[in-house]
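Next come two complexes built around subunit A: one with subunit B, the other with subunit C.
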Partner chain A sequence: MAARLNIHTIAMWLLPALFLAVYLAPLLGVFGWSVSRPEPGAENYVRMLTDADALNIMLRTARVCILVTLTSVLLAYLLAYHWVFGSPARKLFMELCIFIPFWISVLIRAFGWVVILRNKGILNESLLSIGAIAEPLTLVRTEFSVILGMVHFLVPFAVFPIASVMRQIDSRVLLASRGMGASPGFTFWNVFLPLTVPGILASVIIVFVFALGFFITPAILGGGKIVMIAEYIYIQIFQTSNWGFGAALSIGVLAVVAAMAGLLFKVIRPERLVK
Partner chain B sequence: MTRKPLNLQSWLLKLAAVLTGVFMLMPLVAVIPVSFTPKRFLSLPKGDWSLRHYQALLTDEAWLASISDSVLVALASSVIATVLAAAFALGLWFRQPRYGGALVGLALLPMAVPPVVSAVIIYFLQARIGLIDTYAGLILTHVIMVTPFAVIVMLTATSRLDKSLELASRNLGASRMQTTFWVVLPNLKFGLFSAWFLSLVLSWEEIAVTLFVSGIDVITLPKRIWDGLRLNVDPIIAAVSVILMVLTTIAIVAKTLHEHRKGKSGS
Partner chain C sequence: MSQIAASSICKSYGDFKALHDVSMEISKGEFLTFLGPSGSGKTTFLMILAGFTEQTSGQLMKDGRDISAMAAEERNFGMVFQGYALFPHMTVWQNVDYPLRVRKMGSAERKQKVGRIIETVGLAEHAHKKPSQLSGGQQQRVALARSLVFQPDVLLLDEPLSALDRNLREQMQSELKRVHEETGTTFVFVTHDQGEALAMSDKIAIFNKGRLMQLATPDHIYNAPDSRFVAEFLGQINIFPVASPGIDGGLLRGNLDGTTLSAANPGNRVNGTASIAVRPEHMTLSAERPADQANVLPARVIQTTYQGSHSDLVLQTPQGHSISASTHNANGALPSVGSDLWVGWSPENSIVIAD
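Let's look at the complex of A and B:
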């Protein structure tokens, strides 16, 4: 056995061994916290499912995540379509609009929305100056601004799976449909759209999972008023030092994400999308 | 695929797509004029553009210290992440074990878990071993967070390698070590560079987990921006943002050009 322990075996095990020690073991530790602090038992999980505050936050999280997912995927579909099938100039424009924001820090993108939306921001000042409104609108620290910022963050992630599926569509199928007399609209709804369903589903799941565990944008654009589950976990760990409850919430989020990831693997084969 | 498959390119859809594109760029463009305001507070310059916030940024010790913290952490963690990812991908390529899938799953785990949960996990670990708010702790944190992305790049690179490369090298008398370092690794140069570059960018921008494990002794640039956004929004943040956006855009262009040149010279 010792003879088989060659340099490649050691190299291969370096990273998994590290992650076992610094990620998987502490994950079990977090689970341990959730059932032992402040007292042993499932109390934290009971609280998660009965506490009015926690339930309200979970409800808001679900509502915001669903709205964000639907909007992001719709916009992404539009961008992806024109990125894949547009004229060369439009392709380039779409590519820039997808990739430049994608690579820019999430903090800067949220800050950009603050600049636009705040009470003395660009939008309110322009609306005031043309006389469309008499009083500045309250736009930041609302659910609206949180959703806007999250959609802006997530659209590029939603574009990639959809664009990848669109690229694989055999255009002869569409020509056949047109050739047999179907209208462009009919061809879109009955041929093109069904062919892109795997990409749409992958986008929906990816965006929903990201939205669920994400707290930078909601924290900045919600200004502590629109708290969702991820920020709630942050508060439990750092502000109220409810480590056990924070840990239980984390395990809850992880369970939902694991279920959705399982769905992703079942509904579509993700390796098809990495092209 | 230049042929338009559908006659859906009506002006309405084109307009909607262009507006969506504008929506994507809007918050980035909005930051630019604000960074040139002559005032102390967030405002649009009205004909009187000023560089005072850029000047303040370049002379403020706290901001400069954060930039150097970020550079240090990003350089260290990206190099470590690349080495780990390369060793992992190469080991898998040579050995091809039956349980390889499980190892890949483990190596990609921190990427699949939501950042806030990763933050709690890493906070738990570092509170235990006393690494909170140290360089070592933050570098370890970033290694955990960015290595999965480097692994994906390296696995993609090794999947394109021909297995007969190893056979040829061994047949010609090269040892296992020589084969690894002189024959296989040089063929992965571009993958190594991509993995390192991606790790560098991701570490440079990392904020979600960084927030949990640092903040007094070690303050990276994103953490300082976060503090500014939460406490008092100073136009200096706009100046930092503009500089970072320019750097990012240059990096994207440089990488695209590099890939383009590689694509031409390769094969």
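Let's look at the complex of A and C:
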């Protein structure tokens, strides 16, 4: 009995110990840097909230993340609708559209967009050849290309929570609405949409949190011109050796992500929103 | 004039014929029940009436107008679904208000109508609750209120009581009848429960294998079923196949194991073979061969089941025919198992079934 209890005790503590070793300890270290380098104090946090460069990058990150989230969730809603309610052929097509990008590496996808969008890329060359434009359009290294690449990556993640909520809708509820004389539009706005709100909120939070930490896509498609917070932190740590400031920025992002994750845990219990 | 007239409605799913040539008329204010086993087509026919399913062929009229191709949204029929299909994100009040909002009714009028119908179904103190906070019976009442508040021409009910336990079901049956009388709306009710059908309906339509077998009052269906299926589906019945049937002096006579049985009202449906059917409660039991009964068979008691007000007996004739009989316990002591006695019934209580 005592021996079994010991094994159980060890097994029970294994995960928390791992968590302490690989998460909490380094995290405390990062927090330590943020208040101790170059010298002790909250100076790094003050700089984060006053430095023009830092503020600009945070503002851009927020703007890009919000636009990416809205676009991704809207597209995901349409995809999910056709995936859940479409004919078998359309369902298969939607599955391909959702899963194939999902399986391709983020790096390849970002470079793929560069190939399409750059000045001598596929899109500009074809537009030039048909005479639709006289000069190549500047498409890479813009916020537009960053948003495009991020949306492309994030749409599948936004589809799953929305599709799962749509699948749970009792189709008789929609029939009942029709039977009472409601038009398809009235039924959508008053019954279907409200019933999918938990899925929409979950998607919004997942996409936003993901987008906030995006590094590769903005780095490649932004080409150093469109710097977002993750790349900015990377620069602080690996290039300019402002470890303390980089650490403070990391803690700031972490705080936002933690707040969003907390919200997510409330949201993924859909019955709370329905009740 | 009938309010709803369906003629030759057929519905096929590929090779499968869900409905064969169903025709019926429904009068205004009637409580009509569709009764049949599962897969008999009763729900399919209800869905065609509602406009949720399109018939393969046939015509549907409402008040003399052809509505065969009219969308469900425009028919102005109320519907109570199996499982109620309440809107989970709305309160009781909002659920009932929904069809009125669809009709863009003024808020004062809506408030008055919703309040009144919620009162009628006894949910006034639950108006602010969400469906998930209500019991099955209360949800049922919300569904009823929601489908009646806009004064539909016809209320369609798809097995609305099947999810409720027995006590609640009986309570809801009488409540449905009361609401039917108060509103005067035509009710079309689908069930597979015979007791429910007999207790509630003005008329019953019996469905089997996609066909309408018989449509008549409960009393007529029970006492004069015109097919073996209807006779057997509704309540207990003894069916004796008789040899060489013939009509003689207004009675159908036929031979069962050497005994002549007779039935009144033979109709003209007899050609070749026929059966004579008798309900268990019309059987009389006696120790001596009764002199005054036209139909008498000897039988031995095999089993007795005490049911309180009455008892059910299973007997067997010397030739092996099984007979069920039921006697009121007020009539005296129950015959003991193994005793031999005589079973008799009158020609008037015999039902002729053409095979």
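Criterion: the second predicted complex is superposed on the first by the 256 of 275 C-alpha atoms of A that agree within 3 Å, B and C clash if a C-alpha of one lies under 4 Å from a C-alpha of the other, contacts with A are read in each partner's own complex, and residues count from 1 in each chain.
Everything that follows uses one rule, which is that a contact is a pair of C-beta atoms (placed from the backbone, for glycine too) under 8 Å apart; a residue touches a chain by one contact, two chains touch by 3 or more.
Values in this document were obtained by computation on a predicted structure and should not be read as measured data.
Enquirer: Hey, is it subunit B or subunit C that touches more of subunit A?
Expert: B
Enquirer: Just subunit B (first), just subunit C (second), both, or neither: which does A:V35 touch?
Expert: A:V35 contacts neither subunit B nor subunit C.
Enquirer: Is A:M260 touching anything from subunit B or subunit C once the two structures are fitted on A? First, second, both or neither.
Expert: In the superposition, A:M260 touches no partner, neither subunit B nor subunit C.
Enquirer: Is A:H82 touching anything from subunit B or subunit C once the two structures are fitted on A? First, second, both or neither.
Expert: First partner only.
Enquirer: After lining up the shared chain so the two structures overlap, which partner does A:I235 touch, if you call subunit B first and subunit C second: first, second, both or neither?
Expert: neither
Enquirer: Is A:L175 contacted by the first partner subunit B, the second partner subunit C, both or neither?
Expert: It touches subunit B and subunit C both.
Enquirer: Which of the two partners, first being subunit B and second being subunit C, lies in contact with A:F186: first, second, both, or neither?
Expert: After superposing on A, A:F186 lies in contact with subunit C but is clear of subunit B.
Enquirer: Pick one for A:L128: touches subunit B only (first), subunit C only (second), both, or neither.
Expert: A:L128: touches no partner chain.
Enquirer: Is A:P16 touching anything from subunit B or subunit C once the two structures are fitted on A? First, second, both or neither.
Expert: Only subunit B is touched by A:P16; subunit C is not.
Enquirer: For A:L67, decide between first (touching subunit B), second (touching subunit C), both and neither.
Expert: So A:L67 meets neither subunit B nor subunit C here.
Enquirer: Where on subunit A do the contacts with subunit B and the contacts with subunit C coincide?
Expert: Common to the two interfaces on subunit A: residues 175, 178.
Enquirer: Which residues of subunit A touch subunit C in their complex?
Expert: Residues in contact with subunit C: 170, 172-173, 175-183, 186, 190-191, 194-195, 271, 273-275.
Enquirer: Would you tell me which residues of subunit C are touching subunit A in their complex?
Expert: 50-52, 72-74, 76-79, 81-83, 85-89, 98-99, 101-103, 130, 132-133, 146-147, 150
Enquirer: Across the complex, what residues on subunit B touch subunit A?
Expert: 1, 3-9, 13-14, 16-18, 20-31, 34, 42-44, 84-85, 87-88, 90-92, 94-95, 97, 103, 106-107, 109-110, 112-125, 128, 140, 144, 147, 151, 176-177, 180, 201, 205, 207-208, 211-212, 222, 225-226, 229-230, 233, 237-238, 241, 244-245, 248-249, 251-252
Enquirer: Residue numbers of subunit A touching subunit B in their complex, please.
Expert: 6-16, 18-20, 22-27, 29-30, 33, 75, 78-79, 81-82, 84-86, 90, 93-94, 96-101, 103-116, 118, 120, 122, 125, 152, 155-156, 167, 169, 171, 174-175, 178, 184-185, 187-188, 192, 209-210, 212-216, 219-220, 230, 233-234, 237-238, 246-247, 250, 253-254, 257, 261
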